[in-house]
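Chain nomenclature is as follows: A, B, C, D, E and F, assigned in order of appearance, with residue numbering initiated at 1 for each chain independently.
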Amino acid sequence: MFYHVKELQFNARVSKPDPAFASMLLEQFGGPNGELAAAMQYFTQAFAMRQPHPDKYDMLMDIATEEFSHLEIVGATIQMLLGPINGELKNAAEEAEIMQLLDGKAKKEDFIHSAMMNPQFFVLSGGGPTVTNSQGVPWSGSYVNANGDPTVDLRSNIAAESRAKIVYEYLMQFTTDPYVKETLSFLMTREVAHFQMFEAALETIQPNFPPGVLQGDPRFSNNYFNLSNGADARGPWNEGKSTGLGETWQYIEDPIKHVIESNGMADHQPQGTDRTMKSVEKKDKEMSKERSQHVKKAVPSGENQWCEYPQK
Amino acid sequence: MFYHVKELQFNARVSKPDPAFASMLLEQFGGPNGELAAAMQYFTQAFAMRQPHPDKYDMLMDIATEEFSHLEIVGATIQMLLGPINGELKNAAEEAEIMQLLDGKAKKEDFIHSAMMNPQFFVLSGGGPTVTNSQGVPWSGSYVNANGDPTVDLRSNIAAESRAKIVYEYLMQFTTDPYVKETLSFLMTREVAHFQMFEAALETIQPNFPPGVLQGDPRFSNNYFNLSNGADARGPWNEGKSTGLGETWQYIEDPIKHVIESNGMADHQPQGTDRTMKSVEKKDKEMSKERSQHVKKAVPSGENQWCEYPQK
Amino acid sequence: MFYHVKELQFNARVSKPDPAFASMLLEQFGGPNGELAAAMQYFTQAFAMRQPHPDKYDMLMDIATEEFSHLEIVGATIQMLLGPINGELKNAAEEAEIMQLLDGKAKKEDFIHSAMMNPQFFVLSGGGPTVTNSQGVPWSGSYVNANGDPTVDLRSNIAAESRAKIVYEYLMQFTTDPYVKETLSFLMTREVAHFQMFEAALETIQPNFPPGVLQGDPRFSNNYFNLSNGADARGPWNEGKSTGLGETWQYIEDPIKHVIESNGMADHQPQGTDRTMKSVEKKDKEMSKERSQHVKKAVPSGENQWCEYPQK
Amino acid sequence: MFYHVKELQFNARVSKPDPAFASMLLEQFGGPNGELAAAMQYFTQAFAMRQPHPDKYDMLMDIATEEFSHLEIVGATIQMLLGPINGELKNAAEEAEIMQLLDGKAKKEDFIHSAMMNPQFFVLSGGGPTVTNSQGVPWSGSYVNANGDPTVDLRSNIAAESRAKIVYEYLMQFTTDPYVKETLSFLMTREVAHFQMFEAALETIQPNFPPGVLQGDPRFSNNYFNLSNGADARGPWNEGKSTGLGETWQYIEDPIKHVIESNGMADHQPQGTDRTMKSVEKKDKEMSKERSQHVKKAVPSGENQWCEYPQK
Amino acid sequence: MFYHVKELQFNARVSKPDPAFASMLLEQFGGPNGELAAAMQYFTQAFAMRQPHPDKYDMLMDIATEEFSHLEIVGATIQMLLGPINGELKNAAEEAEIMQLLDGKAKKEDFIHSAMMNPQFFVLSGGGPTVTNSQGVPWSGSYVNANGDPTVDLRSNIAAESRAKIVYEYLMQFTTDPYVKETLSFLMTREVAHFQMFEAALETIQPNFPPGVLQGDPRFSNNYFNLSNGADARGPWNEGKSTGLGETWQYIEDPIKHVIESNGMADHQPQGTDRTMKSVEKKDKEMSKERSQHVKKAVPSGENQWCEYPQK
Amino acid sequence: MFYHVKELQFNARVSKPDPAFASMLLEQFGGPNGELAAAMQYFTQAFAMRQPHPDKYDMLMDIATEEFSHLEIVGATIQMLLGPINGELKNAAEEAEIMQLLDGKAKKEDFIHSAMMNPQFFVLSGGGPTVTNSQGVPWSGSYVNANGDPTVDLRSNIAAESRAKIVYEYLMQFTTDPYVKETLSFLMTREVAHFQMFEAALETIQPNFPPGVLQGDPRFSNNYFNLSNGADARGPWNEGKSTGLGETWQYIEDPIKHVIESNGMADHQPQGTDRTMKSVEKKDKEMSKERSQHVKKAVPSGENQWCEYPQK
C-alpha cells in the first residue's frame, strides 16, 4: 500500500520559467531511462521476489518508492519551468494573446520560442507534463526489464542506474539555474547510490555467474570470433583469461573458414578450459535443485495470501 | 513524496494458481483502463492543478495514491495466480521438466495449457507480471489524458472510472475463485466510489459547460446532421432541447444539400437559440479574464518553490 | 456503406501558408483527441450497438460520419497551410533551392524556419499531412475506447468531446488567420454539440449508474482514503452525500492504521448507506436478467445478416 | 464530406458465430494490410494530389471511400461472428455463467475455447471489434505511406493491394462458412480490381521511372554486388539488361575487393550504360522544371480555398 | 553468417558538422523507409524463400546485406555530422559550457541551435545516432512486410525502393555539403538499381497476376464504384480495358442505388469479362496444385537442416 | 561494410516441425532481449566509439556482427519449425484444406492447434518469421540503449547479455528436440562469452565508477531511505561500506520525518564519507578535462572521413 505526503523528497525550486529545458527534462519523466521506468522496473521485479527473497523484496520496494518520489520531483520541476503557460492559455478570448507576444516584446518572444520545442505543452497538455520522452514519444511498458531471476534483474538495474546517471549528467549542462542544477545533482547522485545498493545485493547471491542456473557449453564459452575485419584490436576481452569463468580466450582469426571446417561449430572441441560437458551437467543439476527448491519452498502451491496484518 | 507499507490495501488471496486468469487480469495491470493508467493519469493531472487548485490537487493525489495501491493488489494477485511457474523454471537442468508434465499428468497439463495463453510468463518474465495488457501489448504513456483544465480532466476521469469498472465486471465472470472474486469486487467498487468523487468535484466548478473557456459559435451548437441514412432514429439527442445549453435541436435531414446551399455552412444562420455572436463574445471575455486571473495569481512568474517544509 | 462528396462540410480556407501552424494542427488529425480518433471510436462502438440498440447505432454512425468529414476539413486545412512545399520539393535538381532561400530572402526564410518544426513535412510526406500528432507520434488504435456497454461508451464519448473541444480552444490561440480561426471555431463548436447529444442519449438509459450491470459492494462504495497527507482539503467529494448512490462519505483519516486494523478491509463494515449485500445481490440479478435478455433477443444465435436491402 | 447509408456495400452474412475466426479476421480490420490502413493511405495521399492532380484525387477518394465501406463490412462480419458474447457478459450476476458452460456443455465449450484466442473480446471490448490486428497490436499511423509524389504513392498502393489480397487468400482457408467465404471473396477480388486501377493510373504519368524527379548516378545504377557468398544465382536481376533504364548489369563478383580498390566506389567508372553525368544532369533539370511548375501552377501561394460550392 | 569489414561500401565524408541535417538524416537510419527497414524486410522475406526459391533467396540476401552496409554508411554520416557533441558533453564540470556558447559566439550558437531540432542527441544518445526516424519515433518491426509469397513480397520491395528513393531525393535538397550530397546520390541511385532487380525477379515468375494463387470473382474484378461525387474524372482506371486481366471496366455511376438494387451485390452479374466462375475455379485449382507442390517438394516435412558445410 | 556467407555460424537443424515452439522462439528474433536487439545495440553504440575508442569499436563490431549471425540462426530455426505451413497455404483452392485436417487426422490437428498460438503465421506472414516478440508485439527501436559513454554502454551490454542468457535458459525447457536444444545451448553460451568480453572491456577503463564523468554529491551518495515499511531487511546494501565509493551507508529509518526536518534534504550534511564538495569538484574538473580531450583529439572538428581504403 502506498502513502503520499505533500512534501517532496527534495526541495525542488526554479529561479524562473524555462520551457525549453522543461521539454528536455521530460526525458527523465517519461523517457526510457527516466524515473517512471526505474520505479516501474523495481516495482514489477519485486512481485516475483516477494516470497522467495523477502530481503531483496524490501530493498526493491524501498528503491521503487524512492523512484516514484523522484518522478514527482521531476514532474514538479517541469511544471515550475513551464511557468505561466497554463494561465495564459486560459485567456482564450484575447485574440491570439500568446501569438501577439511575438511582435516586439523580446523577452516573452524568447519564452514562446523556446516553448515551441514541444508544441504539445501548448496544444495538448495545456502547460503541464506529458508521459513522454523529450521528443514526445509516449512511455512504454517495454522499457521495464523484469525476468524473474535476481542475478539477471539486479544486473538490469545496475545498467539502468548507469543510464539514468548519465542522462542527468547530460541534462545538467543545459541549465544555468542554480536551483534546478541542485535538484538534478541530488537526483543524479541518488542513481549512484542505488547502483551500489544493487551491486551489493548481487554479491550476496553466490554463485551469480553465469546469470540464471545453467552453466553453458564449455566448447563455446571462450571463443572470440574476429568478425569485423581490418584494424583488429586485442585486449583482455579476446586474449588471456576470461573474467567470470577464468578460461583462456580462443581467438578465431578467420571465422568463415573455421565455421565451414568445423561443420558449423558442431565438430568444434573445447580448448583452454577445465570445464567439461560432464562437469557442466553436474553443476547444472546441483544449481537447478538448489534454486528451484529455494523458490518452491517459499511459494505455496495451493491457497496463498500476499501478506499478514500487521506485516511483521 | 511516496511511502510504502507492506500491507496491501485489501487482503488479496487466491485459492489456487490459475495462470489463464492471471493472463486476463493483466488487462488491469498494464492495460489502457488498468490501475497504472488510472494512477498515472491522476498523478500527471495533479501537477498543473497544484498551485491554482490545491483542493483538487489533494483529491487527485489521494486517488492517484490509491490507484498505485490497487496496482500493487492486482500485481500481487497475478503473482499468486502464476503460482509455481517461477520455481519450476529454476529447475532448468531437468530435461524439459515442464514439457514432460504434458504427458499423462492431467492436472499439471491443464495448468501448463492455460499458461500457454501468455507465453511471456514462461519465456520472458519467468513467472511474474509484465507491464502489458492481456494480449501482451506494452502499457503506453498515450493512455494518460491530462489537458490542463479541470472541467476537461475531471470528465476524462469519470469516463476512465467507467471503463475500469466495466472491465472488472467482465473479469469477475472468468474466475470461480471466491478469494479472487472478493478482491475484484473491492477494486470494482472503488471505481464506483472514485466516479462519484470526480463528479462531485466537477460540480464545484461553475460554470463547467462547455468544458474550457470558450462558449462556441451559436450557429453550429444545435445542429444535428443526419449523415447516416436509412432507419433514422429520433430522440432527445436530435429533437427538443439540448442538455447543456438548452437550445432547440435543428435536424438537418439532407446534409449534403444543406451544406452546398449554405456555401459550406458559411451562410448558415443561428436558429432555435437565444445565444448570439455578441453574447458569446461577452461571455468568452468574462470567462477568459476570470479563469486566467485565477491561475496567474496562484502561479508565480519568477522564482517558484513546490512546497514548504512542513507542508501546512 | 460510405459515400463522399467533394464539398467539405465547412468551407475551409486559409489566408496564406503557415507550416508551423500546420504542424500544430496535426494534433487534431492524427493525435489522441483528434478527428480520426473520434471517428474511429464512434464507428467501432457502433458495431456492438447495431442490433440491440438501433437508435444509438443511428446516432453513433451520424456522428462518426461527421467526424470523418471533420478529419477531411482538418487535412485540407493542413494541406493549404503547407502551401508550396510540395511544388518546391519537385524542383529537385536546383542545388539546394530550398536551402538557398535561407540566405537573404527574409520572407522565405521564415517560411522554411517555421516548417522545420516538423522535418517530416519535408523529408517524408513531401508536403502533405501525416497520420501523426503534432510531435510526429503515429496514431494508435489504442486511442479508441469501445467497451460494449452504452453506459460506458457514451461516457467515454462525453470525455472525448471535452478533450477535443479544449484542444481546439488551445489551437485557436496560435493562429491569427481569420479563415483558419473560423474553421477551428466551427469544429470546436461541433464538439460542444456532440457532447450534448451523447449526454442526452445517456439519459435515455435508466438506470445508468453505476455504469454496466453490477452495483458494487456497499462496504467500499463510500469510503474516502486520505492517502495524500498534509494540506488536506474537504469538499463534496469526501463529505456529505455521494452524487450517484446518495450514500454518506466515510472519511478514513489514517488509512494505514485502518487497513491494518480491518485486516486489509476484510473486516470493514458498511456505514452511511442503506444498501446491503442482500439488496445489492437482488439488484444485480434483476439488472443482469434485464440487460442480457435485451441483447440476446436482438442478436440471433445462428445465421445472421447485417442489414436488409433496402434498409427500412 | 462523407455520407453513410446503412446498407453495406456487400450483403455480409454468417451461418453461425465463430469467435476464433473473428479473431483472425481482425487482421483485416486493424492490421497493417487491412481496410483501415488502405482507406487511410489513399485518403491521406489524396490531400497533396487535390490541386495539382484532380483526376488522381478523384480516383483516390473513390477507392478510399470504398475501403472505408469495406472496413464496415469486415467489422460487421466480426461482430456477427462474435455472436452472443456481448449478451452473455451482461448476465454478470450469474456466478461465472460463462465459465460454468465449460463443464459438460460441449458445444458452448468449443465456443468459449475458441474465443480464448483473443481474451480482449471478453475483458475489454465486451464482444465487439477492437482496432487491432489478429494478435491485439493496435493499428498504427505508421502503416500509412504517403510521400507526396504520384509515381511513388501509386506504387505503394499497388504493393498494399497485393498484400491485402494475399491476406484475404490466406484467411479464406480458415473458415468453412459459405456466407463468410462469399464476403471474403468479394473483398479479395476488389483488391485485384484496385490493383489494376492504380497500375493504369501510374501508366498515365510519363516518365514514371525512376520514381520522383532525379535520374540517379550512371556509375551506380547497374551494379550488382554479390554480397551473399556461396550458391550464387544468376538471373535477369544481375545479368543482361536492366528493366527500367535498359542498362547492362555489372556483376561485382568480389565486392570487398572492388570497394577497397575503387576507393570506396569513389573511383568507380560507369560501364554498360549510355547515360552520362551530363545527360543525367540535363534530364534532372528538365524534369525538375516541368514537375515543379505543374504543381506550383495549381497551388496558390496566398489565399486558398479547398473547394467551391457546388463542386463542378 | 555475416562478416564485416571496416571499409564502408561508399567513401562517406563530411565537410563540416551539421547536426540539423543529422537529425533529418535519421529518417533513413531508423525511419519507415530507411535502410534498417529495407535490410530487415529482405532478410525476413528470405527465410520463407530459402528452400523453395534458392535463386530469389540469393538475391534477397545480396540486397539485404547491401542495405545493412548502407545503414552503416548512413550511421557513419550522421556521426560525422554530429561532430564534436560527444566530446563537448564529456566536459561536464564546466558550468553549462554548451549553454554558455549561446552568448556571443555566433558560430557555435548556430551549431547548438540547429542541434536543438533533436534534443535526444544531447540528453539521450550523447552525440550519436538513435534508432528512430527524424522525429524521434523508434523504429518498429511493423515496417517490415513479409508475406510468404514472392509475387507479393517482390511488389512490396518495388514500392519500398520507390519510397526510399524519394526520401533521398528530398533529403538531398537540405544539404549543401558536396561530400554528403555525393553519398546521398550513391544511396539514392542504389535504390533505383534494386528497384529494377526486384522487377526483373518478379517477371521470372509467371503468372504473377493476381498476386498469390486465387484468381478472384469475375463479378467483382472490373467494377469501378464512383463513390466520391462531383468533379468526377475518367481515365484508363475506370474506362477501357483493365491492365492485368484485360477486362472492360464497368463504371457504377450511382453506387448506393446499385448496391440496394443488387441486394448488396449478391445479385450482380459479371459483365465485360470472359472469365466465368467455372474458368476461375479451374485456374484456382491448377495454380494451387502447382504452387503448393513446388513448395512442398522443397521443404522436408520431418528433419531439416538449414545448410550444408560448405554451401555449394 | 557487411558480407554474408550462406553457411550459418552454427549448424541449425530441427527433428520435426513444431509451430508452438516457433512462436515462443520469436521472443529471441524480434523480442526486447533478442538477437536483433543485441545486434542493433552494439552496432549503434559503435558509431560514437569509432574515432575516440578504436579498440572498443572493433570489439563492438565483432560482437554486433555475431549477433546478426545469431539472428539468422534463430530465424532459420523458426522457419524450419514452421515446416509445411507455407506450402499448405499455397493450396488455396482446396476448400479449407487446412481446416479440414482438424476432423479426424489427429497428428495434423495437433500441428494446427499448436500453430494457433500465433495466428499471424497463417494470415500474415504465410509461414515465415515476423519481426515481433512471442506475443506479436513489433520490435521497437526503443529496445536499443546507446548513450555515448563506454562506462554506461558496456554496463547496458552486460545486463542485455544477462537477459538474453536467461531467456534462452527458459526457452530450452519448452522443447524436447535435441537439435533445437543444441542450437539454443550454443546461442545461450555465446551470451555468457559476450558478457565476459564486455566486463573485461569495462575494466580497461579506469576509473569506471561512477559511470560517466561527474562524481556525485557527497551528501546524497550513501543514504538509504527506508521507504517500504514493515518487515525491513538489512544487508550490505544498507549497512557497512558501499561497493563503489567505500562510504558508510546511512540508514534513514523514518524518511518522512527526516525530509521534513532537513528542509527537503537541503540542510542535510554529509556523513560517513571522506569525499567533500571540494574534492568532488576537483575530481569533476580533472575527469572532464581528461575525457573531453580524449574525444576531441580523436574527432576532427572540420572535414571528416569515416575510413581509409584499405583500412589499416
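By our rule, a residue touches a chain if its C-beta (ideal position, glycine included) is under 8 Å from a C-beta of that chain, and two chains touch if they have at least 3 such contacts.
Since we're looking at a predicted model, the values are computed, not measured.
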Reaching subunit E from subunit A through chains that touch each other, fewest steps: 1
Neighbouring chains shared between subunit A and subunit C, ordered by label: B, E
Copies subunit A and subunit F touch via same or different residues, half shared test: same
Chain pair repeating A-E, as identified from D-E, A-C or A-F when over half of the contact pairs by residue number coincide: A-C
Greatest separation from subunit B - chain, by CA centre: E
Pair exhibiting more inter-chain C-beta contacts, A-B or B-D: A-B
Identity of the chain that, by mean CA position, is farthest from subunit A: D
Gap in Å, rounded to a whole number, between the CA centres of subunit C and subunit B: 12
Centroid spacing, where centroids are CA-atom means, of subunit B and subunit F in whole angstrom: 33
Separation of mean Cα positions, subunit D and subunit A [Å, integer]: 37
Residues of subunit F whose C-beta touches two or more other chains: 1-9, 11-12, 32-33, 61-62, 64-65, 69, 89, 92, 124, 126, 132, 135-138, 140, 142, 147-149, 166-167, 169, 172, 212-214, 227-228, 230-231, 255-256, 259-260, 263-264, 307, 309-311
Overall pattern in which the protein chains touch one another (line/ring/star/complete/other): other
Which chain pairs touch, all of them: A-B, A-C, A-E, A-F, B-C, B-D, B-F, C-D, C-E, D-E, D-F, E-F
Complex contacts: residues of subunit B adjacent to subunit D: 20, 23-24, 27, 31-33, 117, 133-137, 166-167, 169-176, 227-231, 255-256, 259-260, 263-264
Contact footprint of subunit C on subunit B as seen in their complex: 5, 7-12, 32-33, 54-55, 58-59, 61-66, 69, 137, 140, 142-143, 145, 147-149, 151-152, 155-156, 158-160, 162-163, 165-167, 169, 172, 185-186, 188-190, 192-193, 195-201, 203-204, 209-214, 216-217, 219-228, 230-233, 235-238, 242-245, 255-256, 259-260, 263-266, 310-312
Interfacial residue positions of subunit B with respect to subunit F in the complex: 1-7, 89, 92, 95-100, 116, 118-120, 122-124, 126, 132, 135-138, 307, 309-310
Residues of subunit C defined as touching subunit D within the complex: 1-9, 11-17, 30, 36, 40, 43-45, 47-48, 50, 52, 61-62, 64-65, 68-69, 72, 75-80, 83-84, 86-94, 124-132, 138-142, 144, 146-149, 179, 212-214, 281, 284-285, 287-289, 291-292, 294-296, 299, 301-307, 309-311
